[in-house]
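Labels run A, B, C and D following the written order; every chain starts at residue 1.
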């Protein structure tokens, strides 16, 4: 295992400490239990927005803490959902009196741990709404699965709900908005390589040099199907088509196109994917009104990419454009 | 070779097209010869700032084109300096009447190609000043080398000179400022893995699983020394010490600390490096007044990191803080 | 029956289990690499090392407290899917045991039955979904049988442990329908479920606890 | 001497060189991987494919034009260190040849001598710095000798090519002092310089051009 770390068991805390040191103006780290919070939280009169999940997806979620986005983020061990005491402590720390929205990615562990935290917070009189993001079209939402995974749309939901919170929306409105984003967003991902969980010490899976995994999530896990490697344009079509089908986007619709890197894929390649994706959307009469390109929800050093489409309307565009100042997303400030 | 590309010979153009499509508000791509330019260039009455170099270092340079930074960037083939016709065409395209600053990384090819372009531009009556960045302390500047390489400080010089140009500085002032930044900046890098040049099809070098390369540049090349892999804190010290020595920074000085990822290293790890670096600087009484953490000057998918320190004063802080809106750096706008 | 399942026995059981996890964590992670995200070994090891650290302070506590502290420790250190599930298992197992210094074999079986019911309620997994439930339910049923037969002996518990191990192996051909392995669809077949495997170790640890300390109760 | 070194011969030479580069590009890149950045083969191949595309339009042009177009094409397609250097080589080689349809052997040698002087002026490399100069200079000196002896024959040019190849090999033990290989310091020893190697191919191509087309001039 080749990593720039000191010891697997210290990875999360040391990285949190580094993040907090680098962005002192934006966020603060709390240890035992671990969470990152906006330096000015609790912001009075504002609903708080919290997310969290296993580490290894950076900048998600810690890199999205700050003005106009998350009030707090709870990082678990690498690829391991955080524990309820983290979410409870973060909830207490940033609660500004108008309730707390938990944005939860749909994984059994995340859902159960956040549920427990919400129960505990409610027992203390804090109003909590949880919205589960499940946008990964690679997984069918059926009796035979744990449901679609939460992937790329999570980033967009955090941005949009964070902006709406900043503008004073109520907890109920925010939860509805978050569900709306979730309903309007779909993703699909693929991998060229696996990644290595520090504690495991070796790659989660092995792929031949001419193979790729289609329909992966964000935990370095194998995907739905192993295929022969294809050209970037074909890979893009394979990712985009199921997303388009699932969203049933017609000509004339407006979308946010999010081309995400899994961590080890150079920007050079992500823009080749972006080029083909926007060309294909154009062919279908779909207008790319907003976009995001880069490694924003990653799987450690995995090489690969995912595509997320979010159906836009004026409300979503407004909140997307609103000022944000976090380590990983910043504009208007 | 596992890459999300269509064909090695199309990588640069397709990626430029994707970048330009994604950032239509910020920049435009020109093909034959290839360059990216600010959408609003030439900006009248402003000195233009241009850089360029081989591709494979993204977001450098194309990702730094935009308000408050570069007016144009000229991407060569992967790891290959661009050709003079590119720099000439870019220079002509963005020249706003007050001259053009060429920021050149110190590589034989870059220097010669930029020199030729400057001669051609001057022959057309355009005033050109070229400043060569050579900040890599891994290479001694001696009769026996091509001189120190230009690495991390390039990013900082582009930001700072771009801001000063925006504020109306003359070509002469900008060239002096750029030389000042170069004199105040030093870098050192290391790699855990090599990378694969698309045309070459296989990794430039091989490293055993317990080895690392110290003193690498940004072209996937082997470094000054092959060493046994060490803990992140030790690696950080090995990178930072020669930088500190070379800059002769004393207690009480202020620096910008730039922890750069080589492309394949997760943010999680970069913040572990950052944590140790700022701790070590603190121990020495050096204050980290500004910082930058992330993959900004990369070697394709190489795993590794570099550290750049820039000695700060009020002028440099002022220009660093000034608004910028490029694909890769944005604040204040 | 001597003095039943005491705090001391439960603590030895948990310690033995922590020991097995320390040994087997790479194996559990390898299983989780095939159909999951390569963290089950590290998760369980982290959690039970934390339990181990609390054990000395529990020596003179009643069983309700022992189970509850174990549960809360797991919930706040394991994370993932297994954290809340094992946490719930011990939380429910300890429900109603406040003040109890020891349990009869039947009471012990009933306690674990409450535990597995809690796991099922939290995780909604049914038998055959390729989860820890595929071991917990049948192994605890076997334990109940042994307890109803009057006593828990090293040999009856060894049989329970052997059965648990068989049940873990029996998850290999199954299609996963819960947890992360379900994302793999048909590709989840042919691999042993990591949570079922760590659940089987619970019964190995129990059998070893009895064979080491209490020839018969 | 027949009709000397004509445009047709120079074009066949450049075409043959492009052919060799197409064959050897992976080898050149492999050499550049060891002590550089793994692009020399792709760079040279790209440049001479572009020259190849221009060749038909040059058939009826004088040598000044042929060398200049070659130079400008290389300068605007190769990039890196080798682009300006090979570009300068042909630019200087063609200086003063406007209107000339053919050159005597001595004039041809003088032309290439101007070329290498241009390379040295641009790149500031000295003999022994482990660059293309280590081949260009001695190979052109050998060519001059053959020319001064009165004629360039397939066999005298084969000797020049063999000498060029030896000189390329002789870069192996050298410490690089110019270009990217110099960053490696002592680690640059033990590897053949890619630019010296591509330079040697220039003379292989020349010898092959003569042995195929012009038994003697």
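Simple rule for what comes next: contacts are C-beta pairs under 8 Å (C-beta built on N, C-alpha and C of every residue); 3 or more make two chains touch, one makes a residue touch a chain.
The structure displayed is predicted, hence computed values, not measured ones.
Connectivity note: excluding chain A, the chains that remain group by touching as B, D | C.
Farthest chain from chain C (centres taken as the mean of C-alpha atoms): D. In this assembly, the C-alpha centroid of chain B lies 55 Å from the C-alpha centroid of chain C. Centres computed as Cα averages put chain A at a distance of 33 Å from chain C. With centres defined as mean CA coordinates, chain D is found 75 Å away from chain C. Residue positions 78 of chain A each touch two or more of the other chains. Chain contacts: chain C has no residue touching two or more partner chains. A linear topology is adopted by the chain contact network, the touching chains following one after another without closure. Pairwise, the chains that make contact are A-B, A-C, B-D.
Per the touch definition, chain C reaches chain A in the complex via residues 26, 29-30, 33-39, 41-43, 46, 75-85, 122-123, 175, 177-180, 182-185, 187. Put simply, chain A touches chain B in their complex at residues 1-7, 11, 14-19, 21-22, 55-56, 58-59, 63, 78, 192-193, 209, 212, 229, 231-233, 235, 263-276, 278, 291, 293, 295, 298, 300-301, 303-305, 330-333. Taken together, the chain B residues at the contact with chain D in this complex read 8, 33, 54, 76-85, 107-109, 112-113, 116, 138-139, 143-146, 149, 197, 199-200, 204-205, 217, 219-222, 224.
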